[in-house]
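Going by the order they are written in, the chains are A, B, C, D and E; count residues from 1 in each one.
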Amino acid sequence: MNEVLMDIQNLSKHFIIDTNFFGKPVTALKAVDGVSFTINKTEAFGLVGESGCGKTTLGKILVNLYRPTNGKILFEGKDLTVLDEEKRRSYCKDIQMIFQDPYASLNPRMTIGDIIAEPIVINNLLPKNKVEERVIYLLNCVGLARHQRNRYPHEFSGGQRQRVGIARALAVEPKLIVCDEPVSALDVSIQAQVLNLLSDLKEEFGLTYLFIAHGLNVVKHISDRVGVMYLGKLVEIAPKKELYANPMHPYTQALLSAIPVINPKNKKERIILQGDVPSPINPPAGCRFCSRCFKELDQCKHHEPVFKEVSPGHFVACHLYK
Amino acid sequence: MKTKDSSNPNENSLQAAEYVEKPESQLKVMWETLRQNKAAVVGLIIIAFLVLIAFTVWVSELMGKQILPYDPNYSDMSKAFIHPNSTHWFGTDQLGRDMFSRILDGTKISLFVGVAAVAISLTIGVILGAVAGYRGGKTDTVIMRVMDMMLAIPSILLAIAFMAALGKGLDKAIIAIGLVSIPEYARIVRGSILSVKENDFVQAAKVIGNKSSRIIYKHILPNVISVIVVRATLGISSAVLDTAALGFLGLGVQPPFAEWGDMLGRARGFIFTAPYTLIFPGIAITITVLAFNLLGDGLRDAIDPKSRIK
Amino acid sequence: MLLEVKNLSTEFKLKRGIVKAVDNISFTIDKGEILAIVGESGSGKSVTSLSIMGLLQKPGRIANGEILFKSQDLNKMSNKELKKIRGNNISMIFQEPMTSLNPVWRIKDQIMESIMTHMQISKKEALARTIEMLDTVGIPSAAQRANDFPHQMSGGMRQRVMTAMALACEPELLIADEPTTALDVTIQAQILELLYRMREKFNMAVLLITHDLGVVSEAADRVIVMYCGKIVEEADVRSLFERPLHPYTVGLLQSIPQIDDDSDERLYMIKGMVPNPLNMPSGCAFSDRCDHSTERCTKEIPELREMSGRKVRCFLYESESITCGGIGATSASVGAMEGGLAIK
Amino acid sequence: MLKYILKRILMLIPVLIGVSIIVFLIMRVFSPDPAPIVLGQHATQQTVDAWRQANGLNDPIYLQYFNYLQGALTGDLGTSYYTKTSVTKEILTRFPATIELALVAIVLASIFGIIIGVISAVKKNSIFDNAGMLLALVGVSMPIFWLGILLIILFSGVLHWLPSNGRIDPLLQPIRVTGFYLVDSLMTGNMDAFKDALRHIILPASALAMYSMAIITRMTRSSMLDTLQQDYIRTARAKGIDENRVIVRHALRNGLIPIITVIGLQLGSLLGGAVLTETVFSWPGIGAYTVACILKSDFPVVQGVVLLVATIFVLMNLLVDVVYGFLDPRIKYSKKEV
Amino acid sequence: GSEGSTAPKASDTLIYAQGAEPRGLDPALVDDGESAKVMSNIYEGLLKYNQDSTKVEPSLAKSWEVSPDGLTYTFHLQEGVKFHDGTDFNAEAVKFNIDRQLPPQVTEDMPYAPFVYGSVKNVEVVDANTVKINLTSPSTPLLNNLAMIMGAPVISPKALKENNNNVNQVPVGTGPYKFVKWEKDQNIVLVRNEEYWGTKAITKNVIFKFIKDNSARVVALNNGEADIIDGIDSTVVKQITDAGNKIFQAPGMNINYMAYNASKKPFDNSKVRAAISQAINVPELVKSLYQGYSEPANSILPTFVEGYDKSIAQVSYDPTAAAKTLKEAGVTSVHMITYTNPRPYNSATGQSLAEAIQGYLSKVGVTVTIDSFDWTTYKQKVKAGDFDLAFYGWIGDNGDPDNFLNLLSVEDPTMNIARYKNEQFNGLIAKGLTIPAGADRNAVYTQLEKIAATDAAWLPISHAQTLCAYRPNVENFYFHMTGITPFAGVAKK
């Protein structure tokens, strides 16, 4: 129904965390382990999952901060993983990222004007004399005032900094923006400002988002489709409404039920998961969720479930669904 | 129109911005914090004073004028070992030279050696450290292993060996002291680069399409520079101490230069007959080193990497 | 009444000025009650709890007020007396389970230390109790895990260890300062459930500090909303969520994306940002962010008023009549909220 | 863990080879010819040439190095040009003196440094803190040799309390067992010798300790300040335990970790500082001796000493890391970057 | 084992503190004064010096004869003498000791072998107690040489054989003291030789302690950590006497001089050399630099050495004349090299001396650049010859005038650092060697001294006195002008 912007096929990233005496890897951390999904043009694809499940890693692979261990990234039909560094960089322009921590993602030694101008300058997008104008325009877009461009990041609040980060990402007119938990470090009252801004910009510039979060409520607000990750793997993908109305994977169900509802009247039955997220260094055999699953079947321990489309647009990796 | 709407918070943050102080450069912030630190201000004043002395002595020497009370190198054997009095404030040494003039003259040498030695180790150390830290991998291993080797030899022994090999002289002392402290700078620069490299803003710089060289030069180094400045300030103080140590062992500058360590070393024979020949150079060294230490500490507090870089 | 805080003010003397982190707050907690304090970052929640525990650090000091624990003023107690109460009658768990445990001590030693300090029992008994507590908070194979170091445990487990430590001496009051903020949603649910269970089991009062309204609505009996060091609203949990009074509370509730909200509407935004504590607006601290702000709000600070069993600090509710009129503006939203928190 | 230690010890080999190359270059390629001093005032060019030939100094430099390396590997570090005694023996006779001095100094420095540092941190900004920090600052700013001389003037010259030089009164010299007089005298039950050795070591050890003490004080203070800020200290206080216990058992135990590193590294630099202290106090150790040998171009000795010191330094680093591991259970050796 | 039981006691122990450690204790292998002091108590040679001069006296040789052609020396040895290791001293032992220092056995690291035995052809054992030394050419200084402590003493052949021909660490002689132990960098302990063939030593133990620092040695003396110290300079005398200790002062057999580089312009010109000498007020310099504990040198020879003549004088101080000559010669700057450390003949360090002279020369319009080096490096710089002025000194070995004056005649630039060349001078030196001791011979050396003075090859500066200090309870201590300290007669009350 929609045009595919990015097709991610069987993508993996393994970090080598220990080598033997001769430098051969002996232990690998499988941060992302064979993930496949597509992102359509102008949609917001939400990605949720617990801490350490590989969301950021996945995002960083897409923006070329990590080289994938395995897999393909087809961007507008072209496989980015086979390009050399130089060519790969030319695609950077199209895929941008907004970072989680607004305090760490801005160079403290540069004014915000310079920070926003930098991508324009180094990519030679505009003649020199037009840059300033563009910076002011971008500042305006993200709700900052033009006269603030000569200030340094430390003079701004977290929400404002996050806006600068957004402006920087917008500066190169990207097609896809990876938003890595852009509001989780912000105060509740500021979160809404940034979330609204992101929705507005999406519409105005026709952007596509990969929106990463660890809470389902935020993702729900902004996304069109949502993917749920667990220990480096995708366990479920569905259009937003479908997912929230009809979560299929036990993990998704638990995740949804764990979110506190701001309404003391409808206190619902909670699914309390036992135990903690296992380490991605030695993930459980079979289904990775089986160690915490409340609907565990016999085969779960031994056979890894296939990620399959159970109903139109609704993918799930669970033995419960044939 | 949504954009209209979003200009709403825009206005608000404009108001909010009223609370924010006027735009300031990092340097200015550093300076402000530094000014709060009394000890650092004292250090800075002493250094300014020392620099003033050294500079005045140097300039007047260039112009052939004598502004010190006496020619620091002029020996009048008939005036040997005059105890401190109103004409010779710090007394005279074995060769009848005025100690006060010699101490003032020595400021020039100590500061010069300190700064020059640090300049050498800084330049080489920063380059090695930056390359090692950013390139990583084999380059890193090779560079850092060599640095480890140098670090494994006590620096004073290494400096003595260099001096023994190169021979005496101001230039040689500078080289020896400069060479032996390269590893420290390399290590520090490498370390801070590694930690800055982890910061999201470096990754962000990469995402928007920066080349490695530009990332080092534009994003990493400026954030490491303050650490380097602190280290260099403290480095001057240890260079001054090292110079004095070499001088004390009789390996320092060529005579008749008034080098404090050399003066101390020579005064050693007269600790009972003319203790002042030993006391004053020692005080001069201590004060100079102390001043740079005070300033270095103050700078370190001022840039406090915890609050600024992270 | 277990704890009564009266007119507590805590300030930090800094070079650039005095920060009134907590400004004249009063509240009470009854036995077995869960009282939640919510508010944005920097609103003074932690400082309140530290003031109660007597754990304020250097530039901070209690400027005024009484902290009556079972009618004894903790603030006037000697350090020695305080120590007897701390960890024994009043315990505390902290926000950061990752850093709140001593990394070089085995967890059993950390829990035993607490027990041995307050109970006159042998080491062996203390160990047994430690393991029992660990078991109670749901650490699997507790006897074995007791020998672990904190870094060998996950965040959720550490928070449970913290809880076990705090409950080891069966305190009457537990202060939990953002016990779940650093945790994943599924783990957060575990911990909240644990707290609830423990409250039932030991019948203790809990002062639950959080900035997450969701947590409040799930767990608390009564709620205090703080803004810039002041209590702006106090109510039992039901009435607060049904009918928030203070514009700040209203704004907070509306700006949070709701899981059971299916509309694609924009979120409500509280404009601006929290003022700099060194540079507070002269009137109501919220006045410059408030949609209902008047001249008066920017000049005078409103009183905390009692109003049908709840309290609010806002001129909108100066008198009952005005309240009704004043609500005209907000009632729509409040009404809408009942239906599912939509606002335009 | 054992694997890690083994790995680190293996890493020592390239470092030592590198160190020997550095020293070899400095001493054999750039340094003055040792022949004249060895051969004395009546030496002629002919004898000088013959001597150089006999000692292999006319060989190409790489050959000289390989010959040396070969010797070193078989445990033969060569013979001192000047005293014509085996280098191993020369070093072994002097080394205990230096180690004894350095150990006493590091003990002094650690005890005082940690105590002052802890009190300074606990009573931050008090008079004690300010005085302690001033002392520490002056301590790192004073030339060690100057301090040594001042101590001699005061305690030996003016007050006559303590001896100014040497390790012991030769009349009381204990029988050599370990070479550490403090230990030897105790082992042989010679209390007078022990007292005398102690009296002799106080001044040089204090002079030597000053710098390290200052560093340790500052490190302790900042480490303690940092630790006292930690959440787990707040937790400990919330448990209602005694403040002293909080400081010692909780804060110091953690704060000690970086301090141990500093102490370990200081022990390395004390060996360097010993060069100056030993000169001032006529301490019969390796430091002053090495300086003399450098100046005399007594290459075999210098090479031997530097290799030894480098080995100790590297082993110290290893020891520090291992101790670190004991103090801090979080450290996993396999993951640690060297 | 035995060390513990024979631990010395304070009352019968002399502690002598010196500035440096001996290089070793094998007389054939060392050349330094510090070794000499220790060795002079352990070893004896065939002959020895008179206590107050360098006249030779019998020692291990009871008597001796010289053949008329001066080529054969026959020595009759003392009987019943034993080495410390219990072996017998006899003619074989003498031959063994000399042979090891003659070709082909001599090695290049026997610094004094050529000097002491350079003229020896071979040694014959006549009988157990008679030994004959044959020379290749007559050498009047030989007898004096055989009294030296370097090269000449007789070592136990057994010890030499057992120790690889090197007894540096394990000396075995026939002297009044036996070696006990050597704590490196600390001390050497000697104990009385109870089987000594002559008068036994008075004090039971002698300990040589090494304290590098002058002032530390003084502190040690004043604190009672040492009984006798040497190598002090004038500045501490007052402090020592104030503490109730005594000073031993004796003329030293040495010369402290400045050499001109006569192989290079402008100092190949004796007028220029003389002018520089003229510019320097030697008596004033010596007085303030050495505070009366060095005598200004009139001649190269110390006053008590044979051949010294009162009439000899160097160019006198006249800065005006000097300035004039120098200006005419166009000398405005000179390059001076010097050494940094004190030397036995120059307690003030070469550097101070250089700086003092720099001061004088600046007054006559000559700028001086000084390069100073530690002693080892300095020797090489001197050898390389890249200097105008250099400082050096000489310590007499054997009290023979040839030992001083031949320095100006040899080719070797490390000896003749002035690179002075004068055929007449060299002729006279050669002649002096062959003439038997006496007035005739002395006249030759007086003439040589005069030539050196008028030619101004060196500027002789001073003869350092030997300055020692000792505690008041030490008796009969003396420091011989050849730099040795025999303790056999020294008592401690």
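Everything that follows uses one rule, which is that a contact is a pair of C-beta atoms (placed from the backbone, for glycine too) under 8 Å apart; a residue touches a chain by one contact, two chains touch by 3 or more.
The shown structure was predicted, so the numbers you read here are calculated from the model rather than taken from an experiment.
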item: If a chain touches chain D and chain E alike, it appears here; value: B
item: Chain E reached from chain B - shortest hop count over touching chains; value: 1
item: For chain A paired with chain B, centre-to-centre distance based on mean C-alpha positions, whole Å; value: 46
item: Centre distance in Å when chain A and chain D are each reduced to the mean of their C-alpha atoms; value: 54
item: Centroid spacing, where centroids are CA-atom means, of chain A and chain E in whole angstrom; value: 88
item: Computed distance of Cα centres, chain D from chain B, in Å; value: 25
item: Chain A, residues touching no fewer than two other chains; value: 157, 160, 193, 196, 199
item: Touching two or more other chains - residue numbers and ranges from chain B; value: 2, 5, 8-9, 13, 16, 164, 268, 271-272
item: Set of chain C residues in contact with two or more other chains; value: 266, 269, 271, 273, 289
item: Residues of chain C that touch chain D when the two form their complex; value: 53, 55, 58, 79, 82-88, 91-92, 94, 96, 99-105, 113-114, 117-118, 149, 151, 162, 165-166
item: In the complex, chain E residues that touch chain D; value: 3-4, 7-10, 13, 15, 23-24, 29, 31, 108-109, 111-112, 114-115, 166, 168-169, 183-187, 189, 207, 209-213, 215-216, 219-220, 222-223, 225, 374-377, 379-380, 383, 412, 414-415
item: Residues of chain A that touch chain C when the two form their complex; value: 50-51, 157, 159-160, 187-193, 195-196, 199, 214-218, 220-221, 241, 244, 254-267, 270, 272-273, 275-277
item: In the complex, chain B residues that touch chain A; value: 2-3, 5-10, 13-14, 16-17, 20-21, 23-26, 199-201, 203-211, 214, 219, 222-223, 308-310
item: Complex contacts: residues of chain D adjacent to chain E; value: 32-34, 36-45, 47-48, 50-51, 54, 82-85, 90, 93-94, 97, 152, 156-157, 160, 163-171, 173, 175, 188, 279-285, 288-289, 295-297
